[in-house]
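Each of the next two complexes has subunit A plus one more chain, namely subunit B in the first and subunit C in the second.
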Partner chain A sequence: MAPLRVWIAVAVGGCALIALAYLPPRGAAPRGPRFATYSPEPTAARRRAQAVAKEWRETDASLRLLEDRQHVKWDSSRVGPAIIFRGPTLPPTAVRTVEAVADSMWRALGLGETKVRAALVIALERAPGSAPGPIPDQNGVAFLTPDSTDRTTCMAFLPANHFWTAVLLGHPPRHFEPDWLARWFQSGLGPCAYYAAYGTPSRSVRSWLAARNWDVALYLGTHGIAGERFLSVNLLGDPRYSWYWDGIYSLSPSTVACLAGRLDGCRSAVLYGADDDARIAVPEIVRLEQGWWRKQHLLPGERFLGDVARDVGRDRFQSFWTSSLPVDTALAAALRQPVGEWTKQWERRFIQPIRLGAAAPLGATLLALLLAAVAVSAVALAASRRQVR
Partner chain B sequence: MLITIGLPAAGSAQNRWARQVHDELQRALNVVHAHGGDRPLLDKEGTLNQEESASFTITLREGVSYSIFGVCDEDCSRLRLVLATLANSELALDRTSEGFPVLQFTPRVTAEYRIRVAMEECRLNPCWYAAGVIPSSGAKP
Partner chain C sequence: MFRRFGLLLILGVLACPLLGQDTLINRLRIRSDSLLRTWQQAVAIANLADSLERERATIGRDTIAVGALRIITNASPLPVRQAAALAWPAIDSLYGSAAADLAERPYFIRAVDPDSNARRAVLHVGLEVPWDLDLRSTTTLLLTTVPIAPPDRALATWLTGVLRPSIHPREDVGGVYLEFVTAPSQAARGCFMGDIASCIDALGLGDTNHQLERWYPSAPERRAVVTGSFADFFDHGGSAPALRECVAGRDASCTALLRSLPADVLPKPLSDAARVSLVRDALRLGGQDAYRRLLRDPEAAIADRLAEAAGVSVDSLVAGWRNAALAARPAPVELPWWAIGVALGWVTVFAGCGLSSSRWRL
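Coming up: the complex of A and B.
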């Protein structure tokens, strides 16, 4: 009977190995999307034209921001960011209302007169053909951070879509709530809010943030980026649906590991880019494309440093922000605990740890067990018949 | 009573840090002037982040004693002032004063010299600084 037991053990072990190797990870869709739309593959010429158009729009947007920086008019009677409008002319009363909202938002962030001043460039929606030449970029949010040619000005470019253009022109929809505009301004400030609050970061911190496109310092406020509890992590949707898991597995491994509550993953997700001595371009233009949250290295990264600042207090955060030490050392010193540990606890405030690893559907499991039993029985039967008595 | 010399008045468009360094440099120059010094040869104001530096060139005359001042804003705790030749040979530097370095220098030859201001410690970047050069008392014509 001993050889039979060995055969059974080998067969069961083999099944387990095959299951581990081939079963899809938890939540992964077994098939392609049912309602996928297929657009024809663009030709090489079209791809080239699109790439050139994208490059033109980015260069044009950068030049406009640089020009705007040279012509910002600072109003000493106001504390908030300077506001520059592009597009249709706003009536003076609307301008005053917008400035008053921006000033209130600035004070709510705890800011007053700051060393680095912020300017919000708001591009109102233009009708196609309303201006000569190609249509400039009206989608991407962008920031021009201070540099050696102007150490005290941070520019934020905030395109206003149809909704916000109507609001700014004084035609808000009926359900519009008064604090929405302030929240929009607050989220539009992005890294400029950090520059205003804590000044220019040290070279090591700046290099780290540049390497990851500032994804952990996009929002300084106390609430979510677009409302009281709205975070980029909410955009993943519901774990019961396969698109949630598609979203999860499109993130980097360390980001997923951190969502699963793994210390090493959280540490790697936070310190992504900290080891590189990233070249900081001059001028440094930080662009947020549509769907920027899908490229975050930490979820909800946009508020990570804002939460660090609130947790550790202004002095400790300021020491980290201007520290010339490596980022992991400086951040751990500010947090007074290992980066991974703090981040793991922080992550729990927004999302329950996801479960990773192979997850077999019930039907497939039963079928596999049945097949395994049949195989084992067949092997056992064959082995018993071949025994020489 | 001190008189105001040299520097243009701080404009209302300046922020409080710029006004602070402007006023401090003005006070320092006034003190030297009150003790028989001449009008300032150079005054520079600007901003620097920590570990950044700025340089200016100036012609100093043989046998004339010069006072070279640097001041920085409240967030700056160490400003370094260095006087060097154009070939970057250091002639004088202030090692003692943290936020208010002062150099006294009497050149042996009339030549162009380089003054370097280095922001060594700034708690909240950028820090405003100002530097001034004024012939001290007892200056020979």
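Coming up: the complex of A and C.
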């Protein structure tokens, strides 16, 4: 019994020593400053002014697109989209450069003379207060698709922010790469590129795309938002960080299921909106809000139909695009396999299937096994040293 | 007659869509004009509401004046006056005569119950702070939220933010020393070794052409920048093969990857904290009007503005700043001689306990 008391005394003494070393003396100041402040919120009147400004921007963009469609001038010497500039006047040499880049981008997409023509309205940045009304939104890309009033013109509205305005005015930054401008134009064409390449879609396809705000037909080319490096799936970040998972779980369940490689999830993610008989507005103006990639039903959906078109070939995609069959049937017929299966394989090109549900990491599992082994060994050792008289 | 009527009918039907579009455009134009008028009214009302909200924030509140600081706050145990008395000398010494403008730009501080369950009114003006903050934290709060007018765009871009008084001046300068000796950049090392031109380069005060070659002239440095700062960014799509080549040691790939970045994204050899400490030195040397002189000509080069503020050449300013950073070298951890004896003693005690343990008896 006496040795046990000694051990207990040693343990208590050890604890006291540790406490002496680590606990601060009474009255000592904490190490770091501690405060949490709350920032002010805008007043209700300010929020209303912002909401009216947003509504005005949308109405103004629609109005400008419709007006520009009436006055667009087609240059027969060019193959690419017509370019209309708004804001500061560009020097003629800069206009010619931009048109040349747009033409080469158009050819790179495999487009030439097309039945539906595209026009790109580029709004250059203006100094605040230089025009009446709220400051224009430099992120609000919009498209006016062909309709009964003009069946052969598709308009794309592309606001140029500070960076692109400087480039267009002939002041690019030092490290500017020549192909950046072509990529920007390509990403700005959106649905107009599909209209130019494949004509007007069938009612079922158009209704499906309208229901999901054309999120699977934003890029016809091989590049992503701004080249191969930027796909919407890359914007999630790195799985090591918590915001990646915050981003994942802010998506719809079918989108997450598809990211995990589940067939049903992929099918639902692709066919979202296909069952609805969405009312197609006239004029149909498709607007991409800032941060549209956070609301996608399929990642990276912006290139989905572009990849389908490349994989199945022009004829099969054309038959899907103009098919009067339901979208799931028409798409499966073009792909020659179930939609979910093809999409699952396609998804794997961009992202490794994520793991859903609780799963202990390998390191933690090994550590737990090691600790368990140590505990069992300690007990076994103690039992072997035990003597019963 | 009948044929002519039919022709007119056909033309009318064909023109209908165009007419419809005109109507739509007119409708949109009217709506746009109406929204514009509504927006103008809404902005005027919002400005009035904001102004009233600022007035309301002062009603029934105390105004605490220390130097040129004006703090409008509600009665609470928050040690605002004492904190202001501590903060004012630091603010005054940084901004000099420009600090007098703070009399027109008060702090609005609403001290609230620290209990997060307590009901609170929506905050539209100023800061909301729990009233149980101690003096040190309240002083830090005042120093980090000085309501000074923001600097011009060029200076704010170079500084990457707003200049505030230092809370830990000694540690801040010590941090610059650590950057000298750890940054993977020849410019930073050259500065450490006493080359003032390298210091000017590393601080982004000199010629900004060929910045990549000036900041990171050797292949290992460029590889370190790519793998250290941009590995995730480049590990996608078309740049992934170039990243692999760079990691494998191909300098041309590293250089090409870094060149594809916009110029202002290239990591600076010396951080923003180093730039801020240089500006603080310039203001200290320049006296009362130094901050006003710094802001006087937003079009001038930053180096010239700093020299103008400090009243000395930029070379002298940077040399003095470098010397201060070297003098603030953090003290190395020193092990007292007796600690070795204590450590060995504990090892002996535990070893003795283990070796002398007898078999257990129950």
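Miscellaneous remarks
Heads up, the rule we're going with is that the second predicted complex is superposed on the first by the 303 of 389 C-alpha atoms of A that agree within 3 Å, B and C clash if a C-alpha of one lies under 4 Å from a C-alpha of the other, contacts with A are read in each partner's own complex, and residues count from 1 in each chain.
Just so we're on the same page, contacts are C-beta pairs under 8 Å (C-beta built on N, C-alpha and C of every residue); 3 or more make two chains touch, one makes a residue touch a chain.
Being a predicted model, the structure only gives us computed values, none of them experimental.
In the superposed model, A:Gly340 lies in contact with neither subunit B nor subunit C.
Of the two partner chains placed by the overlay, only subunit C lies in contact with A:Glu67; subunit B stays clear of it. Of the two partner chains placed by superposition, A:Gly306 touches none, neither subunit B nor subunit C. In the superposition on chain A, A:Ala53 makes contact with subunit C only, while subunit B stays out of contact range. In the superposed model, A:Gly265 makes contact with neither subunit B nor subunit C. Of the two partner chains placed by superposition, only subunit C is touched by A:Glu41; subunit B is not. Contact with subunit B, but none with subunit C, is seen for A:Gly199 once the two complexes are overlaid on the shared chain.
Which of subunit B and subunit C touches more residues of subunit A: that partner is C. Within the superposed three-chain model, A:Lys115 lies in touch with subunit B and out of touch with subunit C [touch as defined at top].
Contacts of subunit A with subunit B, set against its contacts with subunit C after fitting on chain A, overlap at residues 148. Residues 29-30, 33-46, 48-49, 52-53, 55-56, 59-60, 62-63, 66-67, 70, 132-134, 148-150, 173-175, 177, 224, 227-231, 234, 237-238, 283, 382, 385-389 of subunit A touch subunit C in their complex.
The part of subunit B that touches subunit A in the complex is made up of residues 12-13, 15-17, 47-52, 75, 122-126. Against subunit A, in their complex, subunit C makes its touches with residues 17-18, 20-21, 24-25, 28-29, 31-32, 35-36, 38-39, 42-43, 45-46, 48-50, 53, 122-130, 133-134, 136-138, 140-141, 145, 167, 209, 232-234, 236-239, 259-263, 359-362. Subunit A contributes residues 74, 76, 113, 115-116, 146, 148, 151-152, 198-203, 318, 322, 324 to its touches with subunit B in the complex.
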